[in-house]
Amino acid sequence: MDLHGTFIAITTPFDEREDIALGHLQHNLDRWLAEAIDGVVVTGTTGEAVFLSLEERSRLWKFCAPQLQQAGKRFIAGAAAESTRATIEMVQVAAESGAEAVLVLTPSYFKPGPDALVSHYTAIADASPIPVLLYNYPAFTGVEIPSYTILKLAEHPNIHGMKDSSASLPRLATVLAHRPDFQMLTGLASGLYPFLSMGGSGGIFALGNIIPGLIAQLYRAFRSGNLVEAQRLQLKLAPLSEALEVRYGIPAIKFAMDQIGLCGGTPRKPLQRPSVSIQNEVDELLYLIFKSE
Amino acid sequence: MDLHGTFIAITTPFDEREDIALGHLQHNLDRWLAEAIDGVVVTGTTGEAVFLSLEERSRLWKFCAPQLQQAGKRFIAGAAAESTRATIEMVQVAAESGAEAVLVLTPSYFKPGPDALVSHYTAIADASPIPVLLYNYPAFTGVEIPSYTILKLAEHPNIHGMKDSSASLPRLATVLAHRPDFQMLTGLASGLYPFLSMGGSGGIFALGNIIPGLIAQLYRAFRSGNLVEAQRLQLKLAPLSEALEVRYGIPAIKFAMDQIGLCGGTPRKPLQRPSVSIQNEVDELLYLIFKSE
Amino acid sequence: MDLHGTFIAITTPFDEREDIALGHLQHNLDRWLAEAIDGVVVTGTTGEAVFLSLEERSRLWKFCAPQLQQAGKRFIAGAAAESTRATIEMVQVAAESGAEAVLVLTPSYFKPGPDALVSHYTAIADASPIPVLLYNYPAFTGVEIPSYTILKLAEHPNIHGMKDSSASLPRLATVLAHRPDFQMLTGLASGLYPFLSMGGSGGIFALGNIIPGLIAQLYRAFRSGNLVEAQRLQLKLAPLSEALEVRYGIPAIKFAMDQIGLCGGTPRKPLQRPSVSIQNEVDELLYLIFKSE
Amino acid sequence: MDLHGTFIAITTPFDEREDIALGHLQHNLDRWLAEAIDGVVVTGTTGEAVFLSLEERSRLWKFCAPQLQQAGKRFIAGAAAESTRATIEMVQVAAESGAEAVLVLTPSYFKPGPDALVSHYTAIADASPIPVLLYNYPAFTGVEIPSYTILKLAEHPNIHGMKDSSASLPRLATVLAHRPDFQMLTGLASGLYPFLSMGGSGGIFALGNIIPGLIAQLYRAFRSGNLVEAQRLQLKLAPLSEALEVRYGIPAIKFAMDQIGLCGGTPRKPLQRPSVSIQNEVDELLYLIFKSE
C-alpha cells in the first residue's frame, strides 16, 4: 500500500455523557475531506483509542469508511491491544469494517524486547488481511522498536511501513540506509520536512485536525522541489506542533478544534480540560498561524 | 473491608490455544485454598489482566467467587482500564461477579497527573458498590501516585487501602504518619516484613502462587511477635522474590509453578517462555527454598 | 570497620561569595557532635560534593578529622569521581586527611554496566588504604548496582558495606539473604526502621543535619528492642524526610537548618534557594516535629 | 562567532598508564587537519571530558590551539562542571588557552530546572571572554533544555548557538521558528542533513574522528544545493553513526580509529574495551563505508 503523503490522526468527538458523537464527527469530516490531505487514521492515539471498546472502534471505522472512499482518501485504522491475539482479532475487525491498512502500536505494559516484538508483529502480519504498519511511541508506551528489529520486520510482505512518533533521526536514517523503499512516517508535524528530506514517506499528525491544509501544502511544496517554501511552512507550524503534539496533547488539540469551528469537545476522563493558561497559549499560537495564512 | 494478611495474585492458566483453562485453575485453587493465606486477587497484573477481555475476567471471577467464599478466603478482583468510564463499568461487573473489593491500577497511557488521579479514583469510588483499593505500579505504567494524593483519596469512605508495587518506603511512611489506619499493602514479597514493621497491613504477591505457605508463615510470625522468625523467613524467600517478582516476571512464575506440580503453562503472547538460563536459575532458587522447608 | 549506627551526611556551608565557611561549619559541628549520632559523612551528596574541588574536600576533611576523633565519632569521606583513576587519587587524599572510610558513589555520565562496576570498585578497593563503601543513588546518577554485583564486590576484603539511597527492599533482602554480615545502610531517614528490621546496619542521612537526635533515638529504640517506640519515631519523622530527602533536597535542607539556628545558608549555584511555598511547607513540617519533641 | 560547518569532537588518546598521549594526538591531528572540516571540539563528551582535570584540559587546549589556528580551523573547547562557579573558572582557562568558543554542557547531578538553567548559563555567558554554546545531552545528563529556555538564553549577546545531541526535531524547529539566526548544531552524524534542511548550522560529531571527509562532503553537497548527493551520503554514513554515536560510544569509536590507522587506544576506566562481537560489527560497518568511497 502506498503510504506517501499526509494523514490526519483524527480525534474522536464525545457528547457530554462521553458517548461517541457521530454528528460531530460528520461535521469535522466534512471540513477535513475538503482538504488536500491523503488520508486519515481513525482510532489512533489522538482518537483516544485506549479508551475505546472494539465495538466503538468498529462503529467509527464503518462510519468513516464509505466517506473516505468516496472522497478518494486512504483509510488507516489504529488497531492494537496488549496481547497478540486480541490485536489479531482487532485487525480482522478493522479489515471487515473497511480499513485499507492497520497501524499497530507496540504493546506497552510488559515492555516487550526485540524478540517478543518480532514474534508479535510477525503473527499479526501473517493473520491480517490488510497491510500492517508498525507504530512506535515510546513517550507513552515505554517501548522502543530498535532499528534492526524494524529491518527484520520490514522483510515481511504484509508489513508496509512504520509510524515513528519519537522522530528519532538515527533510527530513520539507519532503516532507510538498508531499505530506502520502506515507508517511514513521522508523527510529529514539526519533523515532517526533515523526515521527507531523508527519504521518509510522509506523516500522520494530530496537528492535522487543526491545520490539515498547511501540512498538505508543506508536503506538496517538498514534492514539487520548492524547498524554500517547504522549510518556511515547516518553521511556521513548528511552535503549534510542539505545543499540541509534544507538550499538551489531546485536551489542547480538542480545545484548539473548538476555537476554529470544529467539534473538539472534551476528551474522556481521566484526561482533563486544559488549564486556562494552556488555553491562552494555544489561542496565541492559533492566532499566529491563522493571521498570516 | 479488612485487608490485613497475605493474598495471592493468582496467575491465569491458558491452554495451548491461549484460551482460559478453568480445569488448570481448579487444580491450582485446590492447592492454594488449603494454605493459610487470607485471600486471593483474581485478574491482577500477575493474572495477565491486560490480556483479558471483560467477559473473560467475569468468567474467572464467577468461577472463583463461590470457592473462595466457601474456603473463607477474601476475594479481590483486579479491575482497571485506561478510561474512568470503562473502569467503572468493570468495577460494577466485578461486584456482580462476586468480588468483595476491587484493586484499581492507575491509568498508564496518557500519564495522568495528581489532579487527574484524584478525579479518576473519586469517580470510581463513588460508583463502585464494593470497596476500592488504589494500585501503584510505576515500573509497568510509568505513573506514580504521590503521597499527598493518596492521603486525599484516603478520605473517601469507599477507598479502603492501596497496593504499592514500588514498595517505596518514603511513600509508605508518609501515608502512615498521617493515616496509620489506612491499609497499605506491598506487592513485593521481599518487602513484606519491613512493610509490616512500619504498620503496613500485608501484601498481595505473585510469589504467593509458588510459596503461599511460607509467606503466610512469615506474616503470622510477625503478628505473633516472633520477629526473629519473621526476619529469617523474609531473607529466605528474598532471592526468589527478586528473581520472579522484579527481574523475570510472569513467564518465570508460570515456569516455577510447573516445576512444583501446579498448572503454570505459558503466558499469552507477546510474553515469551523464559530462556533456558532463566529456567536454570529459577530451578536453583526453588531448590534452595524447598530443600530446607 | 563497624558501620552500625546513624550518620549525618553533613552540608557544606558557604559564605555569600560561595566560598567554604569553616566558621559556620564549626558552629554546626559543635551542635551535631553533642548528639548521640555515631558518625559523620563529609563531602557526600548533601555536602554538595559534585561542586567541590579535591583541594576543598581535603580542607574540609582535615578540618573535621581531629574534632570527630576527639568526640569519638566515626568519619567517612565522600570520595568519588567519574574515572577510576581520579577516584583512586581522591580516596588516597581522603585517607591522608584523616578519613576512616570512603563512601564511593557510582560513576554516572557513561552509565557503567555490571562488569564496569565490578572492575571500577575492585580497583578502588585494591588501592584504598581505608575501607570502601559502595554508594548507589540512581535518582541522581541514572545507574543501579544490581544485587549480584554487590554480592560479588562484597567478597573484597576492603569493601565493608554499602549505602543505598534508593532504599530498594528487594536489593536489601537479596544481599542480606546471601551475606547477612554485609553492612547495608540506607540514605532515607523514612526507611531507617524497616532497614534495621531486615538486618541493615543503619543509615547516613541528610535529615541528620536537622534532627540527629531523633534519628539516633529511633536507632537506639530499635537496638534495645523497643519496637513500638522505634515505629512511632519512624512515622513521626517520615513527612519531613520525604519532603527534604526526596522532594526538595539541599536548598530546603539548608533553609531548614537556618530556621533552627544552624548555619545552612545557600547552596552553590545552579542550586537555587527554595521558593516561598516550599519554605512555608518546610516551616510547617519543622513545627510539627519540634512542637512535640 | 560563525558556527556553520562540521566539527570533530576529538577523542583524547591515552597511553597504557592512562596518561594523555600527546604524540598520539599529534598523529591524529595531522590526519584530521588535512580534511575539509571546519573545526574541532577539544574535551567534549567524546574527549572523555568528565575524566579530565582542569590542568589536563588546559594542556590539551594549549597543545591544539596553535595548530588549529595555523590550519585555519575553528577551535571550540568543551568546558563544563556541575557548579556555575567551577564552570566559569574553566571557561576562563579555556579562553586563556586559546579556545575561540566554549561548549558548555548542562549540569547533571541535581537535575536543574528551567530557572536554574537560565541563571547558570547567564552567569557563565556574562563572565566568559569568548562565545558560549549551550550543550544538551539528556541521554547522559538526565537534563533537557526546553525550547523556550533556549530562546530566552538566545537573547544573551554572548550565547552564540547550541549543540543538541538529542537531535529533537520539535526543539530544533521551535527554536528556529522564532530565531532563524540562532546557530543550532546537531551531535548525531545520522541527523546532519535533516538538521541542515531545517536551517541548522551544522554539527559536532564523534564520527568525525573516523570519517571527517565524508561528513564534510555531505555538508558541502548540501550547501552547494546538491541535495541528492547530500541525502545519499547521509544514508551511507547512518548505520556507522547509529552504532558508534548511539549504541556503543567511545570505546567503539577508539577501536574504529585503531582499525583505520589513527591512534584510538583504550579509554580511561571504568569505560571498557568493546566486546569481540561489537568489534566485529564495527569492522563490518567500516568495511561497508570504506570499500565504496
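Order of writing sets the chain letters: A, B, C and D. Residues in each chain are counted from 1.
Here, contacts are C-beta pairs under 8 Å (C-beta built on N, C-alpha and C of every residue); 3 or more make two chains touch, one makes a residue touch a chain.
As the structure is a prediction and not an experimental result, all values here were calculated from the model.
Student: Count how many hops through touching chains it takes, at the least, to reach chain C starting from chain A.
Tutor: Step count on the best path from chain A to chain C: 2.
Student: Quick one: point me to the chain whose Cα centre is farthest from that of chain B.
Tutor: For chain B, the chain whose C-alpha mean is farthest off is D.
Student: CA centre of chain B versus CA centre of chain D: separation in Å?
Tutor: About 48 Å, centre to centre.
Student: Distance from the CA centroid of chain C to that of chain D, rounded to the nearest Å?
Tutor: Each chain's C-alpha centroid was found; their separation is 36 Å.
Student: Where does chain D touch two or more other chains at once, residue-wise?
Tutor: none
Student: Please classify the inter-chain touch graph. Allowed labels: line, ring, star, complete, other.
Tutor: If you draw each chain as a dot and join those that touch, you get a single closed ring.
Student: By the touch definition up top, name every chain pair that qualifies.
Tutor: Listed in label order, the chain pairs in contact are A-B, A-D, B-C, C-D.
Student: For the complex, give me every residue of chain A touching chain B.
Tutor: 18, 48, 50-51, 53, 82-86, 107-112, 115-117, 119-120, 123, 140-142, 249-250, 268-272
Student: Mind listing the chain B positions that touch chain C in their complex?
Tutor: Result: residues 147, 167-171, 173-174, 176-178, 180, 188, 190-191, 193-195, 197-199, 227, 231, 234-236, 238-239, 241-242, 245-246 of chain B touch chain C.
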